[in-house]
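The chains carry the letters A, B, C and D, assigned in the order they are written, with residues numbered from 1 in each.
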Amino acid sequence: MSLAWFARRLMLMVYTVIVVSMLVFAITQILPADAAQSLLGENATPEVLAALRTRLGLGDPAWLQYGRWARHIFTGDFGISMRTSLPVGPEMLAALSRSLLLAVSAILVTLAIAVPLGVVAALRQGRLTDTGVSLIAYLGVSLPEFVTATLLALLLADTWHWLPATGYVSPLEDFGDGIRHLALPVLTVSLILVAHVMRMMRSETLDVLKSDYIRAARLKGLPERTVVFRHALRNALLPVVTIIALDVGYLLGGIIVIEEIFAIPGIGRALMVAITTRDLPSIQAGALIMAATYAVTNTLADMAYAFLDPRIRYD
Amino acid sequence: MTELFIRLMRKPQGFVGIVLLALIAAACLFGPALAPYAPEKIDFLGRFRAPGWQNWLGADQFGRDILSRLMVGARSTVPLAFIATFVGSAAGATIGVGSAYLGGRTDEAIMRTIDAVMAIPGLLMALLLVSTLGNGAGNAVIAIAVAFAPGMARVTRSAALNVRNQDYVKAAIARGEGAPWIIFREMLPNVMAPIVIESTIRVSFAVMLFATLSFLGVGAQPPASEWGLMVADARQYMHQAPWGLIAPSAAIALTAIAFNLVGDGLRDALNPKDER
Amino acid sequence: MTPVLSIQNYTLDYISSAGPVRVLHDISLEIGPGEVLGLVGESGSGKSSLAWALMRHLPENAREVAGSLRLGDIDLQRLSPGELTRIRGRRLGMVFQDPSTSLNPTLTIGRQITEALIQHRGLKQRDASSLAINLLGHVDLNNPAAIMRRYPPEISGGEKQRVIIATAFGCRPDVILFDEPTTALDVITGARILALFARLRRETGVAALYISHDLALVTRVADRVAVLERGRLVEQAPAADIFRAPRHANTRALVDAVPRPERRLVHDKPGDQVVLAASDIEVRYGSGGLFRDAPPPATKKIGLEVRGGEILGLVGESGSGKSSMARALTGLARFSGKITFDAHEIHRMRDMNAAYRRDVQIIFQHPDASLNPRHRIDEILSRPLKLYGGHLADIPRLLEQVRLPASYANRWPHQLSGGEKQRIAIARAFAARPKLVICDEITAPLDVSVQAQIIELLLALREETGTAFLFITHDLNLIRQIAHRIAVMRRGEMVDLLPVEDFDADHVHPYTRELMAASPVPVG
Amino acid sequence: MLSVTRRLFLAGTAISLAGLPRIALAEAPKRGGVLRMSVDQAASVIHPMLARVNPEYLVTELLYSNLTRLKPDMTVEPDLAMSWEPNATLTEWTFKLRPGVTFHDGSPLTADDVVATINAILDPKTASPGRTNVGPIKEVAAVNPLTVKFTLVGAYADLPVALTYLNARIVPAKVIAGDLASLSTTANGTGPFKLASYEPDRRIVVERNPAYYDPARPYLDRIELLVYPDRTAEASAMISGEIDLLLTTAPGEYERLAKADGVKALRTPSGQFLNINLGCDQKPFNDVRVRQALALVVDREATVGFVAGGYGTPGNDTPLSSAYHFYKNIPLKKPDIATAKKLLADAGYPNGIDLTLVASDRPSTRTQLGVAVREMAAAAGFRINVQTMPHATYLDQVWKKGNFYVGFYNMQPTADAVFKLLYTSDAAWNETHWNNADFDAVINAARVETDEAKRTALYAKAQDMMNAEVPSVISAFFDLLAAQRSYVEGYALHPRGSVFRLDMASLGAGAPKRA
């Protein structure tokens, strides 16, 4: 893991962002029912539409628009929202911070639940615990977020009144209330993630338990406890770093629905609103920021993995 | 083939999965014939009728029979998810095998670009595409296929790269075989197993993604009885008529579970562990 | 004298879906104090199962049908899990086949030694560390304190095996099981490990069960040798006697199959005409990038000539570049340099025309990988016939040529044994009626008896067709039996190219000499 | 005599000052407290001239004031204007401004501000949705700092009503002269509240304007607006006490809210309606019999059930509901499949007719109406394919262009406003192209008629004409549904749907303390 390796990894990240920016721009450029129309709604008149289109630069060739857009983004300027007339960048980043709070909480909860369950299932392979864990896992990966969210809200909030159904309170303003409001969305996201991570954790643990070095450790006469905790767990946990990083991709997609349902003003909902109102700068900025978040997370995960795993470190 | 099927049926998850799939297939094939009511027949007096002898799974806000809508809706949910996965998998597999065969810098460039595209979450990609192409089931299928292709390309490519390094492929190259023979006769048959396993599991994602798009209002459109759309409609009345929400949710979950189970079963059946 | 380890009438079954399969029949063995018993057998003979039974690490489908396993006065079969941890490592140590997978890659070497010492010798961490440093020094590792802080991926395979040996000896067990401890290592490294074993044994007087497929090697390290065949013990004899006077027919076959350089199998002279001449062949894998240095070439300007009907041996350890030569000559790797074949000059892969590809055939190391699992045997054999001209009706003849029944045409590769698969690969190569066949380690994964049959087949085919061979191997003894000339490669360079008769001469390269010394020749 | 009645009828004075109903109350409303309320979509535009949807109208109403204000009975009361008076021909109107009113930045309100505001709204470059809704204004001029004179294009009796229009909030002249776009992110009005923070997709906070012209109001210290895009979630938040007031809810949620402890469900009939627009200038709807046939297949009572969850009133193909001042109670059309079939056959479609009905996806009731009508109409031989599309696409491709699609409209302040918006030949949104000269004449006569009885007769005639000729099928009016915690006092649902009067709201006993 040399400096060159770092540099290469960073280059890849930059390449990712560039490819995504082009892709997002290309897709949004050919959106039908152009932005000016949707901006003006029922009150559009031809002359007003024309004026607005010129102002938004919608008439220029695509590559010119892309160049202008990319240049502005490079300087940190994501443009002005067509919908709210506010600068898109700060809005999206603020939204992202709220989404990240949700995402990070969900990942922590997931790890706390999924890792022990996965390991236990692997250690009790084929027994009742394992079957139970597998059933939960199947259920988790087979329920779409909107179903889980609805059912959880129906039970935990409307029927049993344990948690607030929706809404967002910044934990910075009121910590307790903020956490209470995060509980349901975090639970929903976690349920799906737990299913996934648990399955991975189980199969990783099984693989590690089958490995030669675990056999060697056992035959060295180490107690089972030491074998599992010192030798197996560590190696089984390492790939989870990468799995979690890849799940961030799912997570970022999933929060679109979660935030919509739970009224969390995060980047997912910002994107959903932007897409329904054809707010081009917001769509472009939101999608780019989301993809960049994913790229950065993965780069960091790769680096963390390389740092933690001597196998990679000295390749 | 039959041997594979027997192996699949012998595993509990394979067995349950196959039985569920058979039920779903029956609903797709004979749903409209078996449904007790026309799926779009409205009944003013039957609005929000609870499950009972008249409507086994209850009725929705238009008094439409939920069971009938589910049975007919299977046709507008599962086959579409299937098609989307198939198209996405085929495209992804072609890119993956091709990339592995070409190797070197071309492979590197293709895969790095695929990685980059995968930085856009699937749902977001699908949303962007659907909003470009226009709402509707057909466009949702295209969007899901496009969203799936990069992932499939990556899975296929890693399997194909493995095969590419096998001596039988090298032997074919050393013999002077042409590229089409090597790709389609030597490599592809040997990467089919991971492709089939991955695709099967992805059908369940497709069912869910399709339902999610419909839920967000950009997939199937009313009055279609697509399951995700049914959930979205029923959500408004979930406190009045929770059965309207639960029935299609359960249908989605069961379908997804079925494909997951069969996918896992196939994984076991196609890679039989050696018995010492 | 009471034996330290005794196996009495031990019988073991594995339960498979087709019913129980017997893997060990009524085995009785004893190891006395300070004795090394060699256990030899080919793959599937049950030698590893015996080791696992002793270590109490049998798979779940194993059923111990009869017999007893005793370590001194301990009945191994009756140990509770808790008691077992006090026996394993402490009284009964083990050294494994593949050192690179037997150490946990994410724990430091120091940790992995000291945890055993703390567990079994009741030491404090600090004492365990200083003892570990001593032990590592004792197995001839340089700078043991630094090694303690390293992770397994940071040290070489030989060093890892030394670490494992140090751990095993450090706990002062009564008996150590060695399960093919040098098989995964290069010849020279393996020889050094054996020397280390000999020294430690002398010093500690530990008893050992040494398991190997290599009869020649076992006769050199063991006091007594037991030969296992398909789960039955066919012979037990002092090591010195077994080669000289094998009593059992199976043992004799095994002994005969062991390659010995002095027993030449080829007696003719090659022709004078050069079939293939290669000069300045350089192979590089991958190229430099923006942030990446180009890797060193796998072969550095190698030149060689193969004459008509000649067997040219190419010998080297792993990573020496010998396989890269095979890839370059068959157009599987990019290369620079020049190949002249039948007056046709080749400078790059593209220059290889159909005639060249027909005339130069390659057979690969792994029979499992060289046949497409999705093609039947007849389809596999039909390809060269279709490409180079020939009749599908020839397929039975091709099978017969490699001593296989014609009915095999309808089979799938997975229905064949390893040796049979390799025969199909040979048949496929000879279907093209080649002038030169490149054999890339084709016998390495096979048992010696199968290896001998394959060699016999190749030589017979050579008689019939007059084909020349470029025979790539790491086994110097084997190649000295059959080659006319032998090239020795090390780290991409050719250090020697000698007629086989000259190998005992003085002017051989020191590396070649070292290689010869490391290749175990049977005692007797 | 005439001029006196006219004056009484048309002119407004400060005598009927807002807050009058309060006098009847024994206790004065409690001052102070924080009201937390929810809206179902973000108020993403707080520029008063550009606001388009209810949450935006709410925010601009809190921050700004109009000259006049619409009362729940759809008549006007003074706001920034103390009084007004037309000339005899109703072509010139003079408004007297309230003295001593200041903007949030402390500068005084003058006639120049009013003139600049009206001119900006009328300027097409501003692209204000209110441009065609503030009345037929030709010219507006300041007579003196507290007097403004409007000169109209023609006679118009409803100018004071028109000036209540939701975009006609008065903004400072200097902002208009300077950076009008700055109002998208900042606010400087004369309204009861001042903008404290603006995060459109998360939370908008307004605080009491201490310099508001009525020293008694507002009662609340602060109002927080939260966005709850999901109706179910919004209702759950209300039930759990997260929010004190929600502006609008769905029928399904209304029943749950009505049952919940501590929640008061609010409901008022309104003129908000869904219709099916029929292109009267194209086949097949250029034949009145096809339109009549379609009108006869729709079960209006059932439609109220299907589309409005029972919370509404059946429509009779005229845009006036009982909430309008000039509503005429015509016997409700009953489904008559036989007659409908005969009409269709007469029109040349004995074997039925294939049609594609377009419904945009917002609000979802458009599609519900489409689905219900499709099934109802099937019996008479209408084979309707319902096509849904995103709202933006609909606006771009179908709206005002298509000949068979679902429309959705808020209640307008006057009968004239709704007819002139949708159904006359010169309507702003002449979607049906009915272009009935007789109808135009009736409407034009009514808008300059000052005699209440004659005016009622004219509008009755207009409603009869629409009922008979069916330029669009109007089968259901929605009731407005909302909810509040029971400790919220002084809030009443306004049938217009986009007037809120939160300056009247206060928190009674039992309200939670909020920082």
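The definition used in the following text is that contacts are C-beta pairs under 8 Å (C-beta built on N, C-alpha and C of every residue); 3 or more make two chains touch, one makes a residue touch a chain.
From a predicted model like this one, the values you see are computed outputs, not experimental measurements.
When the interfaces A-B and B-C are ranked by C-beta pairs in contact, the top one is A-B.
Closest to the middle of the protein, by Cα centroid, lies chain A. The geometric centre of chain A is 22 Å away from that of chain B, both derived from CA atoms. Centre to centre, using the average C-alpha position, chain C and chain D are separated by 88 Å.
A straight line joining the Cα centres of chain B and chain C is 46 Å long. One finds 41 Å separating the Cα centroids of chain A and chain D. Of all residues in chain C, none touches two or more other chains.
In chain A, the residues that touch at least two other chains are 32, 150, 158, 260, 276, 278. Multi-chain contact residues of chain D (touching two or more other chains) are listed as 232, 390, 393. Residues of chain B that touch chain A in their complex: 112-113, 115-124, 127-129, 131-132, 134, 204, 208-209, 211-212, 215-216, 228, 231-232, 235, 238-239, 242, 245, 249, 252-254, 256-257, 260-261. Every residue of chain C that touches chain B in the complex is listed here, in rising order: 14, 16-17, 59, 61, 327, 330-332, 352, 354, 357-358, 361-362, 364-366, 369-375, 383-384, 387, 425, 428, 432. Residues 55, 57, 81, 84-90, 94, 96, 98, 101-107, 115-116, 119-120, 151-154, 164, 167, 171, 289-293 of chain C are the ones that touch chain A when the two sit in their complex.
Within the complex, the chain A residues that touch chain C are 4-5, 7-8, 11, 211-224, 226, 230-231, 234-235, 238, 308-311, 313-315. Contacts from chain D toward chain B in the complex involve residues 231-232, 250, 252-253, 255-256, 299, 302, 305-306, 309, 361, 364, 367-368, 370-372, 374-376, 386-390, 393.
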